[in-house]
């Protein structure tokens, strides 16, 4: 036998190969096609899995060591935040509504990502890709769990968070993130990776985490900052998986390119639409603002995306089809989304409000092309209505886009005065879309999207009432029946921020604190 | 030419790493925002283990950067001694 | 000093999330484990059927024949969520590092007599592929199982199995470099005494019912294999030959086996207790796969224990059987 | 089909076909009035007269808007699926060719929403 010392200094590369790729083998008692049944049907051709490179080469021992350290730090902050009643130190109770949206619409996606990467991890016959996907799976589970823990303290003191997984499966606007992720999960493993690792994580995730977490820091929420940045440190690995995976697929076979291009077109647009709620969060829900959505888009999408797609042009990949329309939307989508939540706040477990005067000034300064012209008069009107005791709510359910499931609130590219309508006939029905790109997604795979669970239609089909509720009764109140189905505490979780329990409680703590300080 | 970037949580542990990056990448530009240090550099950026070790005065395993890493952009190449971000192929 | 500033207790609106609260006994705050786990998975209003499994919803309890009124009864007695799981493993990893430092400083692996080194390589190194199989299967349970209380620990278990495969790999690299790993893989693929086991693993790769897969992998096979190799062979057999270094550098594996057995036994017991039908079904699976696993381990027992192999086989089977009987199963 | 699936048996009924609803759905949008953030979706029986859609349903939906009372209904321009459309007000929706999930819009000349902002 050779001596120990001779084998000590193996290169990271060789060592990692022994630790991952060499563990798997070509099965023979069961055919490979049966052991890895999902590897072919999407049309992606892989000839040599050994070409897969994992740049970080983390083995489980190092993974446990570093992740354990991250967790120790994170939970120390979460504990300290609760012990010090950290919720009292935030800028304003309105801020918490950003967290509500986060826990309702983002946290469940982390969970879905965990399950999706477990599925992908099991079904790649290349052990390198499989291990990378598995690590991401368990990281995503981490994100779900740390978010639930970090927000647990807020949930004890504010409304609109307490039933978030139940809401995710039911509430109208949460079908936007849910359908996005279920679209990815119901695709094959290669599409899933392109959708989540590349299009979402690599191209768009910085827009979700970095400005939002900086926003949390500005607004005195150190607990959220810590979980956000801590999660984001895993994201750096995930993003790398995203780009490695795209390069790998493209290098394996020239015929993969058109498939990948179509997925990039589709998933860039799906992801961009999903980020509409982040845009709104940034511009309207942070009482102290760091940067506007438009600035964040320019910094993290336009600059970075241009570099990326220039790089990918070497493989014949073009920038996503919806790229220009997405860039055009940066002046509008946050305002349009806020208006939508303001319209339908009776059915949403969070609060909305009209920005105060200096916030209006900020918006006007950040959006010189659009705010004063289209959006300020609307908000001024809403304020004056509210002051006269007629807070405006839209009482009729909205028309939804069949793909992104967002109410049809987006305007024509280049004309913010007109809603963008697109439609198509398929079999015996009409289908409607918010944009050319959502329409195109439908037209390529209609068999999938005719199944969409559109919340508005489901309400009208009578599927969003509790058992035993009879819509044909004279005194039937559809809104309250739907809120019962949502398990939303009417009058507490929903409606305007003004007069909400959140506002009253926060002001009370603040008063008590000031009183104590005075003593 | 496109920029690459890397960002760390702004804390005591990241300081020597950031200092090392600045020493090794004269073209790098450092931007501080709440809780975050972002370093941009034209085309490529390197992080050397040895420079960090000089900054900290102790042994450093490059994989330790994962603890405080927030995000990055560009292709990654890593071995025991160096992590390189670039848009080169 | 503002020590008193925040001490005034602020009244809480609630103890925990509504989807967690229904699983918390008594009117008290939920534990971190409970908040991290209960009610996490989507249960209804799925949008699209998977293109890879159109007969099922994305998460679908009917993928298994085991029927539970509520899958969230399957609590993990270890109460693992990511944070305490990874911190526990990090601590164990520290201990492993310390063992390696000790073993290396005293040259303990080099000093193992050559025939014993060879025996160690022959018996243990191919097991990294077995652990990879366990990783794949638990990953599959995490993907298609129902209810986070069942699937989340399966994902931790999958990563643990990868850790086991990598610890075995590290042992191989330390003893004899990549050559011994290569010969171990060659034995796994080609040598007759590994083929029954390889066939077993490959057959588990195509099991469609996630609960049956859980049984075939985590109790029927691992319940005997780890008992036989890391308890009997490494801890007892090798140590009795004066070789304790191997036990030192594989101690994680044995500790993990004992620790995770508590989870596996709890899952089986709770599921079997719910109905006679479940009990019968799970018992049938344990008997079927347990018997196959036993015969697949026989050639390896011969390799490890030579003439004492039958004793080792019988003992590990009976230990596995005992666990199952304790869980209320009917074992033949 | 272009959807890639593992087996050929991937076929599901559309979730929103007409028979799943007590009444067919109609989508309605008021041009240049985006205080109402999006077009609305309402179930309307096919035998409803167009005039009652205009006088009753539209009033319920949009009556809260300050421009609503200023609408001169005889001057309103109608569109169906983005094309100009000339409904007969005394006929039913079915007789006017309206089907399940059709979208109609109306433009109110000279009215451009709150302070002319298309709100």
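Chains: A, B, C and D, in written order; residue numbering restarts at 1 for each.
By definition in this document, a residue touches a chain if its C-beta (ideal position, glycine included) is under 8 Å from a C-beta of that chain, and two chains touch if they have at least 3 such contacts.
Not measured: the values here are computed from a predicted model.
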Go ahead and name the chain pair joined by the largest number of contacting C-beta pairs. A-C
CA centre of chain C versus CA centre of chain D: separation in Å? 58
So, what's the distance in Å between the C-alpha centres of chain C and chain A? 33
Return the distance between the CA-based centres of chain B and chain C, expressed in whole Å. 38
Two-or-more-chain contact residues of chain B, please, as numbers and ranges. none
Listed in rising order, chain C residues that touch 2 or more other chains are 49, 51-52
Residues of chain D engaged with two or more neighbouring chains: 3-6, 10, 12
Among all the chains shown, which pairs meet the touch rule set out at the top? A-B, A-C, A-D, C-D
Considering the complex alone, what residue numbers of chain C touch chain A? 4-6, 8, 10, 12-19, 32, 35-37, 39-52, 58-59, 81-83, 86-87, 89-94, 96, 104, 107, 109-110, 114, 117-118, 128-129, 131-132, 135-136, 139-140, 142-144, 148, 151-152, 155-156, 158-159, 162-163, 165-167, 169-170, 172-179, 181, 185, 188-189, 198-199, 202-203, 205-206
Would you pull the chain A residues touching chain C in the complex into a rising list? 1-4, 6-8, 10, 14-15, 18-19, 22-30, 34-35, 37-38, 41, 59-61, 63-65, 67-69, 71-72, 74-75, 84-85, 88, 108, 111-112, 114-115, 118-119, 121-122, 127, 130-131, 134-135, 137-138, 141-142, 144-146, 148-149, 152, 155-159, 161-166, 168-170, 175, 178-179, 182-183, 185-188, 448-449, 451-453, 458, 487, 509, 512-513, 516-517
Which stretch or stretches of chain D touch chain A in the complex? 1-6, 10-18, 20-22, 25, 27, 29, 31-32, 34-43, 60-61, 64, 66, 81-82, 99-103, 105, 112-119
Going by the contact rule set out above, which residues of chain A touch chain B in the complex? 11-13, 55-58, 62, 66, 69-70, 206, 209-210, 213-214, 217-218, 225, 229, 232-233, 235-237, 239-240, 243, 290, 303-304, 306-308, 310-311, 314
Parts of chain D lying in touch with chain C, wherever the complex brings them together: 3-7, 9-10, 12
